[in-house]
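Quick heads-up: structures coming right below.
In what comes next, chain A is part of two complexes: it sits with chain B in the first one and with chain C in the second one.
On to the complex of A and B.
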């Protein structure tokens, strides 16, 4: 007889506490099915890169290797390529930011920028205030650094100032330290809402009064649908109290993995050192590709192409929701970006309903993945960036049918679904369309 | 020889199936490099490619519906392509938990009390009164699970009647019929059976001790979250009873090549819980652990079963 069994992983006692939530997940298993072409996936957030001028990019990339290969394939600066940083400053002018190339730190995607910002600011137990709901990738970073994440209410204009003020007061009264206010002001992921100018001013004023740094995440800011100028970034009106995160994942291509942080001097110094310790340097090859693209391709025109593609898909989604959703369902109307946020009729549970939806060949992301505290059972995220309008309509029709049958089921049992214990990842991997 | 390993499909166990298929394919390649092994998903192009490629044998490593309910095997029979594993009729019996339990009960095999009902029954008769009747029949605690499906998807343990409605909803998320089974405390084990030249042979029982107390999806597929004992820490008498039980289940249901019986051991003896006609073969699955303990190689076993399948045509 054996006194000690096998755990099939000899290192099981060696993992850090923060790895505790890294488990297999039923939800991830279901998303594996969602990658099949039969399934209309309204779950993932893959940009529609097929709209890019592929021939021009192919030619540009070949020329880049031919003419600058030895440099492109070599280590580069930890802070990022100086030419690209100048170009990033130009890009940020679109959202009203008057920055300087020295303040820019280029990273492999803005996700890495987010990681290093949290790395240099947050000790375990420090409080980070986030919107309710918030970007799942940010929640993962905060969890990894063992932050205490507290959600602050949103409405149709994003983060609610009164709620922010009250939360700050309550947290401070409990003796805890708030390090960051993390916000996605424009075309929010997952909520699809946008802070108006007045709302941004109020949030900035609260942060300034409270002495709390704002971490402004703006990957979708240039993807508005109304044809007007993009929303003005919070960072445009405050240089010292805001770290701004930008990305080329949605305006050029997610596979290039180039993002950046714009930070005040003291923060930037530490960001460069932290970034170097994590990655040594961002890839010269991808930085040069972006730089070449920005200098040789009509990138502003291409953003208009993306805006038009996503606007058409957003319209298809909203039209289908109005047609197929059961009574009692509400949703946000995004003015840009990739997502709409649904609130289900009372009694429905988006996580419990997902297997039935996948069986009906439609996928979404249950709301619970966008909270750290079990909220979101009656909510879900729909993404319209990847499927074409016809597929979106079909997906929403299938979802409506699933919801009707789920309503019947819930009425039969009158079930009060228990709070989910958030075991394992609740959202799809990044490569799900 | 040309062998196609089928894995993936549209079942919620797609991911598990792909991992099982990959492991079996790699093991087969390593055991016999002369066999040309390809892995393939099940989609609308499958039949055309099977007709074109005309493999000598197929290994269905599909979990969940279509893979384990006999449908794909019916198609393979129709095409005249040999395959490893049970035939469609045996799969149908094994995949439907209430049917398998009912059949095995008639063979005198002990299994916990259970009732299986479709959603429509609850709607027509009123959920509250039906649930009351079920609790009276089965008792608490109970296990609620979909009648068809694996990997513990949609499965809950219910300790209090107030938890039943949510557990039923979870189970119905994975199918139209749910089964409520009396929870039996004991040593949780799995016993794999393989067909050899000398007939079906039970492998050493694998004892399952999940950290969470419940062998759910996370406990099954997160390495390190469950402790396994092979052979199971049961008496010699229980060990022999388990082996007999698994072989009886295998033969009673007409299963072929390989199967895995899940059982619970109490001081009174072993009780049948479930049977798997397409056992998982992932890195954390049970049958590969039993094979290793028995000194058998997954690749060599698969190669043997492939040849046996080709020989029977």
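On to the complex of A and C.
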């Protein structure tokens, strides 16, 4: 080695500009503590895969190798297995999408689909509009491609059309180029809210009028709790103006890593080339596993099982919040998915409080990680997908105790308490699903 | 949609600069014809996975789900499963590397490892030095990140140290920044040559003196034919100055998509963050499959089986070339791996000849795809990994016939033949492993 750079990393001066911002989140270390079994984690977004029929999947996996081993273990198509792409079209019919297998690009998880969409559209400095708050993993991708992320206000029905329209006008007035509107219309991560049909139409109309592509991320769309049909995707009403991202991580299993993008022809073509460049091809083994599962297992029935598991946990969370949260606390009531978004009483700071919460054996994700601009200090995300109802209640009880004692301190010392609200932007949290 | 862009792709004006060069290769259509069973394909780099013990793998896969389903089907670590990383360190000992599991980053195929290395190091315009010719898939990644690729001459022992030194000096004199030396030291794709120990030391010394990181790609290192120990990796002698890429695609199975990077501490840290941003985490299912295979199957024995299969096919190729190639043809003699690199007699053009070869039911990859600068018109890659020896012989016989008739035409019409050698740079071929 020549003696350039620091002693710790001799390559420190060699990294690309895009890598400069890649630093481990400060709260990462905290979460390694939070993974101890005595801590109730309301932080992670791990689906409850234990609800799967393991014996049937085991048998299916063995049959797959015995009957189609040479193909399952071989390189496959860059765009994804044709049979699986047909099945994906079938799955998307559940959210009202009339797609074609040729428009589908299979990727190792929908995160990778998100990555290649941004890869083909965004130059450094291009603007991406996202909800306030937005999915941590998406913010990470936008940052990796040096996009300029701008938040648009949400309410209890998600992205606010007026705010969207005003932001588009303001950004364009400043001479900048908007490449994408990134939205999670159903059972939002982290906000826990869902766009109604009218809201979706308005957002679509604004995007069309403005000539901006919608990037619709829909990992939770089939996990609604009201028993009715799932929310109709924005993509269902517009083929050319929307790239739709789907995932089997929550409807089958996250550890398989199979997701997809559904994109208009020209975009799809670029996506395939970008994806081939990044990974050659997705795994035939994992694709065939999903394909076999869809063709031999009662997958719609299994989704009902998942819905029931998560509904029960959502109920436990809401009950416990009503019981244990101090006055001044508010939260969203999710009609599906994994998350509720909580706003602390004035004066509390979710990030400053996290070490105390973990010491009290409960974990959550502080709100600042879901914004790029330092918002979210009084907010936090609670996940109810993984712990059982009893643990959820206990976790919320512990959280309530921590909040009460913080509030009491504040009351005692009043204006002498350090004001966390004045802090600047924070490093986003790690990807926790 | 507003009426911007062409009728065919309304988003044509919205793509990022890096996506402009993403167009399907002209020879892609030819290869869809070439996949017909009557065509002997000496083009693709598909490993002969049929040689695997399918029943044992089937049984192992079922046991994996039964015993560890909830973990195998769940999100995992962004860096990769700790047990697998220990096993990877064990595998790398075969090429003389004394690594640590903490330095290993597991990715869905080593292509993805290559992608994230370039992602963290290369800004647009940064120079990457590669062999002449180089791996198509790597050239695609460098292009995707808008690198300036410069070829360095090879001989029968691979990358030429003098040429490397001169190129570094020339590039630096022109004021440009060299970020990586990308090399495949063992059983080169596509050149079929291998750096000897002395050659490796010289290359390493030059890189160290120049303060340039070596990116060592080693998918074929364990697939040598001489029965001795595998070539010692460049990384074995230098931990700080080399990022080493490994793959299970050729030693176990390509359809599983498990590869890795071994990198110095600071680089590894960035690689994990970049990889998490792109995919959240590699598949636990595929990682556990590889891990189980390594711990329950005689993997070293199976590699010997693969070596024997490929040695026999290499011999068949070399015999057939000696028999059927017209005078003036030369080729490399691979001591391992999948490929021989062939140089046509003067006046022939490998790309112009390809449609005729496919009409005569034999396929290869024309040389121009392995260069960024239009070199390689008289060269082509022959793969012997997938067809059996009899098919290989027949394929080479057909190729010889096509070449003979081309030469005859040339002799008849002399200087009136169109001169293909004057063509400019060509679109690289698709990724064929």
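Details
Simple rule for what comes next: the second predicted complex is superposed on the first by the 400 of 433 C-alpha atoms of A that agree within 3 Å, B and C clash if a C-alpha of one lies under 4 Å from a C-alpha of the other, contacts with A are read in each partner's own complex, and residues count from 1 in each chain.
Criterion: a contact is a pair of C-beta atoms (placed from the backbone, for glycine too) under 8 Å apart; a residue touches a chain by one contact, two chains touch by 3 or more.
In this text, all values refer to a predicted model and were calculated from it rather than measured experimentally.
In the overlay built on the shared chain, the residue A:219 is in contact with neither chain B nor chain C. In the superposition on chain A, contact is made by A:23 with both chain B and chain C. Touch criterion met: A:408 reaches chain B, while chain C stays clear of it. By the touch criterion defined above, A:46 lies against chain C but remains apart from chain B after alignment on the C-alpha atoms of chain A.
In the superposition on chain A, contact is made by A:358 with chain B only, not with chain C.
When the two complexes are superposed, the chain touching more residues of chain A, out of chain B and chain C, is C.
By the touch criterion defined above, A:240 lies against chain C but remains apart from chain B after alignment on the C-alpha atoms of chain A. By the touch criterion defined above, A:140 lies against chain C but remains apart from chain B after alignment on the C-alpha atoms of chain A.
By the document's definition of touching, of the two partners only chain B reaches A:36; chain C does not. The contact surfaces that chain B and chain C form on chain A in the two complexes overlap at residues 1-2, 4, 8-9, 11-12, 15, 23-24.
Contacts from chain C toward chain A in the complex involve residues 1-2, 4, 8-12, 14-19, 22-24, 46-47, 49-50, 52, 54-55, 57-59, 61-66, 69-76, 78, 108-109, 111-112, 115, 119-123, 126, 137, 140-141, 143-145, 179, 208-211, 213, 240-241, 249, 253-257, 264-267, 269-270, 273-274, 276-286, 289, 430-431, 433. Residues 10-16, 18, 43, 119, 122-123, 127-128, 151, 153-154, 163, 165-166, 168-170, 172-174, 207, 209, 217-218, 220-230, 233, 283-284, 289 of chain B touch chain A in their complex.
The part of chain A that touches chain B in the complex is made up of residues 1-2, 4-9, 11-12, 15, 23-26, 28-30, 32-33, 36-39, 349, 352-356, 358-359, 361, 408-410, 412-418, 423-424.
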